[in-house]
Each structure stands twice: as structure tokens, then as C-alpha cells.
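Across the two complexes that follow, chain A remains constant while its partner is chain B and subsequently chain C.
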Partner chain A sequence: MRALAMKEWIKLRHWLGLIGLGHLAFGAWFYLSMRHQFRIEHAEMIYYQANRIGRLFYDDLRYVPLATGAVLGAAQFLPEVLRGRLRIAMHLPMGLGALILAHLGLGLGLLAVVLAFDLGILAGTVGAFFPGPFVASALATAAPWMLAGIAAYLGAALVLLEPDRRTQAVNLAVAGGVVALCHLSAAYNAYDGAIWGLAVLVGLMVPATLRAAARFRDGGTG
Partner chain B sequence: MMRFVTWFAQALLVTALALIALPRLYDMAFAPRVAPTYLFYSPVSQEFIYREHHGNHDFVYASESGATYDRPAFEKLLPFIYYKNMDIWGLLPIRIDGQSYGRDTIRDARQVVELKARELPGNRPEIPVYALIDSDPGRARLSFPEDVFVPRDSGLEVLNVDVNRPDPDLTDRFNAALAGAGFAFPARLVAGKQTILKPWDAGVFLVDATGAVFHLTRTGDTPHAVRTPIPADLGIHHIKVTESTRREILGLVLTGDARLFLLTMPGYGLIELPTDGYDPDRMNYKLLLNPVAPTAVYGDDKVVHGVAMTPDYAPRAEYARDVPGTADMAHARIARALFPLTLSLQDGPGPYLRWHLAWSGWAGLIGIALSLAALFGLARARRAPLRQTLPAAALVTLTGPAGLLAVLAVPGHR
Partner chain C sequence: MCAGPITGPARMTGKRDGIRHLRQIRAGFAGNGTMSAPAIAVQGLVHRYGPRTIHDGLSFTVPEGRILGLLGKNGVGKTTLIRILMGFLTPTAGTCRVLGDDSHALRAETKRRVGLVFEGHLAYDFLSIAETERFFARWYPRWRRDVFWDLVERLNLPPTHRIRHMSEGQRSQVVLGAVMAQDPDLLILDDYTMGLDAGYRRLFLDYLVHYARAGNKTVLVTSHVVQDMERLVDDVIFLRRGGDVLQTSLSDFMGRFRHYHLPAGAAPANLPTPAAPLHGLEREADGSLSVFAFAGPEEMRAALRTAGIDPAGIRERQMSLEDAFVGYTGKY
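Entry: the complex of A and B
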């Protein structure tokens, strides 16, 4: 397990550095962008637009988790399937399920750290300019965007591990469908009562990825 | 076993997405849009008249007694709605019940008060931060204040939005005003029209912990809190505040048991409105006020109700009509057969998204039977053993074509 973590670290460290820098830059820009709006517009008008018209001042964050999940998933699994490294790992004294779950666990753990950073930036920035109820609303509104990031990561694994082109296309449509459901509404708090269903769909992508890995090992059969 | 579980998870995922996507794509391709029925009471013909949409450009203008009209004739029966057209056509002033009504008389006497299902608490998200608009700004137009309040358990917290910090002085003043009026925290409900795009500001209404209703306004930095005579045991669910230039009506009061009252001014009087068959969570309620026959119209995509009243709001005529809708159209019948089970993630009546799993009825058995026939036909062509086909057959039996699509898209387990 430790060796596997070291292998993933060596493979991903440059990508993680890039993702980390990108999110730091985004966080700084996000804060400055919000601050800029409060400098050029009366605060009371921004409150009105945010609360009554439903303008999302943090909408720039919407697709950041999605892009992060897709990049991390591709960075982790593309080299494995392009150079057949995963086949070598499959010879380790470790079951296929445990091996893939370990890969996914590491990837999801890293993604969770990045998404937690994004949520921290969101809460900190919104909280700097708006009272607490706006922060709670922003976090609830961003929750499906975070799920979209996880769906994009699992979708990348699902597509890349699948050896058959036709099934790969199906998996791409599945990942796209789940991500699209996470971005169905632009209204704040719209998913408050529906997020559980999205979580179930994203959860189903984990065993689906295990199946794609098994098919990869078996050369597209099974 | 592991192989079956992972196959089933992937097939379930594809099935769920197909249950959402297939009916939606089908509707985009074939479903016509049918507008809601517009129902009115004509003070001219003294009966209900309506505009009904039957899809595409097929509109019917007719009366409850069966008469049909063209559009101009229909509009002439509704002088308090289409008074601008009637003025252009030279038909004003008009005499009704011996009284003459000209353009200006009608304009000053008419008003529409509406309560939509999507406006109700529980149907729309709301960030509980409310602007403290100055009701008497000493200038022609209202302006947005820098002060907002957040209802807390022990009182209101007034914040200055420029610095995003509490204003202790204003917080104390507003809480003292409410305490002086007998307000018991926490507030159950805060209602007001949080905009400056209105002719005047009525402030906000707050329902306290005991159910009593208080009216809070602001002049400069001075708060004014009044305990209204609205009964505390009314069980208020929502107050829709509406400020019109007529200054006779303050809004609508909806109770938890779906009674609706007109809130009048001055004096906070309540007039109970007709609500027979009214479901606030599904229906929009519209009160068309005019000096002859104020009319309540409420309904959804299935039925529309109308109650015409005397000027003092006593019911004088009622009518209800089914909305034609699309359920009986050919495309809808085919859809019920093709899609026995549908899943959707949709908003409505407000912006909240909700999951809906719906069974189309017995017609759905056709889609299931066709899908099962296709599945067993394929299994036979591939010489697959029956035991291997059974899990797929179970999925198709429950979901029809969506399950079949999943079975075809996700390679079978061995």
C-alpha cells in the first residue's frame, strides 16, 4: 500500500503542483473579483442582486471542481493505460478490487483536499463581504458542483480503464450525464432536497469503475 | 458475485440516466406546449368566459354557456382587463349596471393581486437577510438602505452592508421597538416586498413565536413596530405584501390550512377569499379587482376555478373547468406505452429541484413486453443461457426500454 502511494505520488506530484498553484491563483482572483464588485457597486445593490434576483456572485467557481476532477483523473489513469503500467501493478500480491479501490481512494482523497480548499475559499470570500446566511447558502449551492468534480474524476477513470471503444463511449455519456445533472440549475440552493440522488449516482460510478478495471485486465471481456 | 455486483451497478447507472433522458428527448421532439386556460368573469355578459389552448395555434375563446367568440369580441366582454384596447376602439366609456366607466375610472379602480405557488416558503429558497427600507425617505423615489437585518433566536441583528458588521445602535433600537410592541422572539415568519421598484414601502410583517403579527416600518433611523389585530391563532403560512398606488390592499395572508385572506389598509382588516378546491402548493391564485365583480381565479395544469364576487366580496357566481392539457394527445399516449417508468430531476413550483419517479400506468406494459421480446430475441440469437439472461430480464421488466438500453450498452456479465 505504501509502495502504491509512493508510485502515485511520483506520478502525480507535478500535476498536483500545477493543480495546487492553479487553485491558489483562482482563490486570489476569486477574492479580488468579489472585492472589485463591492468597490464599483454599492453594497446594498449587490445584496439585492444576490438575495432577490438570485445572481450568483461566486458562479466563477462552478466549473473549477469539474475541470480539477477531470484533470486529476486523466493524470492518474492515462499513463496507467497508455503504457500498460496497470497490468504490471496487477501482478502485485493484491486483489484487483483492492488495487483499484486504493488508486481511487488516493485520487479521491487528493481531490477532496482540493475541493475542501475551494469550499474554504468560497466560505472565506463570501463571509468577508456577506453575513453568515449567505455563506451557508453559497456552500449548499456549491455542493452539486463539488459532486460534479468527483463525477468527473470517476468518469475519467471509467472511460480510460474501459478497453472497448463502444463501451468507452457509453461510459463517457454516463459521466457526462451525471455531471450535467449536477449543473442542471443556476438557482441558489436549488439542490437542497435533491443532492442525495446525485450522491447515489456518483456512488454507483465506483463499482462501475471496478468493472472497467476488470475488463481492462481481461482484455475487454467479462 | 463481484462481477455481478459491478455489472448491476453500471447497468443501474445507465438505466437511471436513460429513465431521465429518453422521455425528455422524446418530449423535445414531439410534445406540443399547451398554455394554461385563462378564465374571467365578464361583467358585460354576466358569465364566465375563457381562453383555452388546444396546442399549436389552436385557441378557443368561449363562454360557460357555450358561446364562442373571436378575439376582439372576447376582449370587449372584459372592459376592466382590455380597457386600453377598448379605448383605442372608441368603446369607452362603457355603461355597466347603470354606471359609466371611462379609461381613467377603470385604470384607477382595477388591480390584480396574485399569489403564485412558487412564492411560498418551502417552494423557494430564501436567504434570511432583509433590507430595512426607509418608508418615508423624504424624496420622490425609494432607495436601498445600507442596513439589513437578520432574524436571530433572541432578536433582530441589524448589519451595515458597507462593512458587513452589526450596527449595535440600530440593533438595539429595532429590538426595543419590537419588544415595546410585545414581540416574542424567535420570529416565525418575515414577509415584505424587498425591492424599491414599487410606488411606496409598507415595511415588513413579522409573525412572532406566539403567532401574533407585527408590522415593522422604518423612518430614517427610527423604527415603528405595531402589533396588528390579526388573530394570533390564524396559523399563518405566508404573507404576500403588495404596495399599490390605490393604498387599499396591503396583500394576501395564507394560512396553513389553505385559507386565504385579503389584507386591507388602514386597520389591517382581513377579508376571507374563496378557496374551494385551492391547493396553494400547486396552484397560482389571482384576484382580479374591479368595481363591479372582483373575481378570484386559481388553478394548475389540470383544472381552473373561478369565483366572481360582489364589490363587498360575497360570492355571486362560480365555475370550474378542466384544462385540456396534453395527456389525451397521441404523442402522450405513445409516451405512456414507450416509457413505463420515468425519472426526472425538475424544479417546480419553485426553483428547488426534486426527484420524481413516475409509473405511466397499464399502457407501460406494452413497452415492457416489447423490450422483453427484444431482450429474449437477442439472447436466443447469441445462444445465451436463460440463467444468464434473468438479471437483465428483471431490470427490463421493471424499467422497460431504459433497462433494455442499459443491457445493450453495458456488456453482459459472465
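Entry: the complex of A and C
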């Protein structure tokens, strides 16, 4: 496992650097943008817009986890499937399931760090300008966006590991559908009653990815 | 451990002769006459891509300690067979055992005993030389650091050099070093010559031969450069279109398979279909005739007369393995 972690770190570190810089820049812009809102408008007006009209003041964050998950998934699995390079790992003395789960676990762990940073920026920024209850609401509102990021990561793995072009297209449609479900509504707390069901749906992409990897081993070269 | 040589060309045509073939060859018998498990045992292997049958009842064994070359023209199923042996393709039917395990379900401890060199010298090109060594060393308890660095240091590259910045030849040395350092009992090499110039091919081959002989390793190798096989292999398997398979020792094949030459005009315009002992008839560009057969000159003369070919002027020609390969498998 340490060897795999070393390999994944070396493979992804430049991408992680870029992603980290991107998120830092986004965080700074997000904070400054919010501060600007409060400078040009009265705070009471903004609270009114948020509370009564339902205007979302952190909509800019919406697609950031999605893009991050997709980029990270592609950066991790594209080099593995190019020229069928995944066969090297598949011959390592460990089971296929454990191998793929280890790769996914490492990728999801890194993604979780980035998404936690995003949530931290969101909570910190909202907490700096809005009353306390807005923070919990913002985190609940952003939760499906985070799930979309995880779905995009797993979707990238699912699509890239699949050796059959037709099944790859189906996997792409399925992954796109799951991501779309995570973005059906941008209203405050829209997913409060559905977030766990959505999380289970996203989780089901893990065994699907294992099946794609098994098909890769059984005859595909990517 | 080391099996005795295979004594005669054992020929089989898929299912019909597979079991007979297994009895014919002495593969799997140790020098003291006791039975040792073959490193690779393929029995009744069938593989199809849709309606197209690639292998139909293929059977052969690779005894421990032998170096076997898998030869055949493009499209006869070499890559399919190698992929099945490497565990990256499930056969339609039949069994394929590698060091006693189903090739498609190798246990972790068996994987440690099998070294694979993939076509194109697949490597993690985002790793450096030192990182490659560190990565693989963790998986193999018998890891031979000295073997890896002995080979790789000859490249005169710093350990921090990334694989992606290497030439194909340099990468092949790193891949071979990593596989040899695993100290596997069985090596399977899929077209190791791809992309290598003559110098790197020779370097690769010299190391491989020395390593395999010194360590009594079993090696199964395919290559498009047939002439290299002459320096490497003990035994050969020829795969031919239509499912014909010939497994024999290299020395026996080269001793028994003959090339005869007849002047222009010795044969009718329409060449007859060769029947035993004639194996192949090839009209050369100058109108002369090349005849390939598992037969001595006297038997050849009689066979040629029977086929309506005038044997006067017959001359036997020396052959390299490449000549014999082309003669055996045909030019087209």
C-alpha cells in the first residue's frame, strides 16, 4: 500500500499542486467577492435577498468540486489505461479488487482534502459575513455539489477503466446522470431530505468501477 | 529441475492430437526421470473472437528451466496466447496453468514468481529510475537490488532520470532490470524487440540469456526478430494459420528441417500441393524452386518424383532459423 501511495503521489503531485493553487485562488476570490457584495449593498438587503428571495450568494462554488473530481480522476486513471499500463499494477501480488479500491481510496482521500478545503472556505466566508445559522445552511446546500465532485471522480475512473467503447458510452451517460442529479436544484437546503440517498447512489459507482476494471483485465487494453 | 531436451518434432493439429502430443514430448520430465510440474501447461485451449476461432484445442507444456520461443506469423494468435498466459484474457475453453495456478486467477504468491515484460516495455513513465526500483522492491521479498542497478547503471543516467525522458532502448533496460530483480521463476516476454535497435536488442538478449541460464529460469518469449531466438531458446513452438502447432527443441528442428533448391524448370508451372514428407514449395523470383521438408536427400528425391518434380540438380542449402521459420510458416 505504501508503494502504491508513493506511485500515486508522484503521478499526481503536479496536478495536485495545480488543483491546490486553483482552489486557493478561488478561495481568495470567493472571499473578496463576498466582501465586495457587502460593501456595495447594505447587509440587511443581502440577508433579505438570501432569506426571502432565495438568492444564492455562493453559487460560484457550485461546479468547482465537479471540475476538480473530473480532473483528478482523469489525471489518476488516464496514465494507467494509456497503452494498457494498468496491466503492470494488475500483475502486482495483490487482488484486483484490493488494487482498484486502493487506487480509489487514495484518489478519494486526496479529493476529500480538497473538498474539505472548499467547505472550509465556504463556512469561513459565509460565517464572516452572515449570521451563524447561514453557515449550516450553506454547508447543507453545498453538500450535493461535493457529492457531484465525488461522482465526477468515480465517473472518470468508471469511464476510463472500461475497455468496451459501447459500455464506456453507457458509463459516461450514467456518470453524467448521477452528476446531474446532484445539480438538479441550487435552492437553499434543497437536498436536505435526499442527501443520504444520493450518497448511496454515488457510492454504487465504486462496485461499478470494480466491474469495469475486471473487464479491462479480462480482455481490454484501454 | 531442468527438463531434458525434447527429442523430436511433435506436431499436432488442435484437439485431435493435443493429448498425443503431450505424451510424445518429454517435456516435464526431469533429468533423473522423475516428473516435475511444468511451469506452463496449456490443455485444450480454445479462443474465439466472435465467429473467428484463433485457437482450437491448443495444448503444450513448458518444462521448468527451459527457454521457449513462441513463433508464428502475424495473426496466428501469438498475442492472444500471451495475453491468456499473462492472465489478461479469459480463454473461451480449456485450461491454462502457470506455475500450477489458473493463469487468469494467479495467487499473490504465484504472481511474485512470474515476471512479465509487456509489449513496448510498459513502465510507469512518470517515475524516475530510482523511484521505479523503490516501487517494485516493496512487492518482492526476493528483490535483487544489485541485479537492477547492475543493468541500469550501464545506461549512465542519473537515478533521478524520468522514464518518460528515455529512449525505447533505455526504457527496455529499466524494465528488464526490474523484472530480473524480482528473481522470478518464470519470465514471459511479449515481443521484447519492439522498438529496439540492434545494439539494445543484443544487450537485452545477452543479459536475458545469462540471467536465465545462471538462475535456471523458465522463459517464454515471443519476438518478431526470429534470428535472435537462435541465441536464446532451447525449444520452439511454431503456430501456423489453421491451428497447426509444432513444438520441438531448436536443435532438433534445425537438424531435421531441410531446405532444398531446384533449378528453374524442374517443376511444372502449377506447383502441386505438398504432401508428406514435403512441407513447403516456394517458387523463387528467378523461377527456381525452394523445397522445405523433414526429410534427407534420398527420401526427398523419391517424394519429388512422386509429386511430378524432377529431382535432378537438387542441392541442399544451409538455413538460419529465420530461413527455417519462413520455410516452415510460408512467405504469405
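Just so it is clear, the second predicted complex is superposed on the first by the 218 of 222 C-alpha atoms of A that agree within 3 Å, B and C clash if a C-alpha of one lies under 4 Å from a C-alpha of the other, contacts with A are read in each partner's own complex, and residues count from 1 in each chain.
Here is the rule we go by: contacts are C-beta pairs under 8 Å (C-beta built on N, C-alpha and C of every residue); 3 or more make two chains touch, one makes a residue touch a chain.
Bear in mind that the values here come from a model prediction, so they are computed numbers and not experimental data.
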Fit or clash - chain C, chain B, common chain A: fit
Touching partner for A:A3 - first (chain B), second (chain C), both, neither: second
Touched partner set for A:G193, first chain B, second chain C, both or neither: first
Arrangement angle, chain B at one end, chain C at the other, chain A at the vertex (C-alpha, nearest 10°): 140
Per-residue touch tally on chain A - higher for chain B or for chain C: B
Touching partner for A:G97 - first (chain B), second (chain C), both, neither: first
Smallest separation of CA atoms, chain C relative to chain B, angstrom: 11
Contact residues common to both interfaces of chain A (with chain B and with chain C): 221
Contact set on chain A toward chain B in their complex: 42-48, 50-52, 54, 97, 128-134, 137, 164, 167, 170, 173-174, 177-178, 181, 184-185, 187-194, 197, 201, 204-208, 210-211, 214-215, 221-222
Chain C contact footprint on chain A (complex, rising order): 2-3, 6-7, 10-11, 79, 83-85, 87-88, 90-95, 217-219, 221
Touching residues on chain C, where the partner in the complex is chain A: 83, 86-90, 104, 108-109, 111-112, 114, 116, 118, 120, 122-127, 131, 134-136, 138-140
Residue numbers on chain B that touch chain A, as the complex places them: 2-3, 5-7, 9-10, 12-14, 16-17, 20-21, 125, 127-129, 131, 144-146, 148, 150, 159, 161-162, 164, 194-195, 345, 347, 351-355, 409-411, 413-414
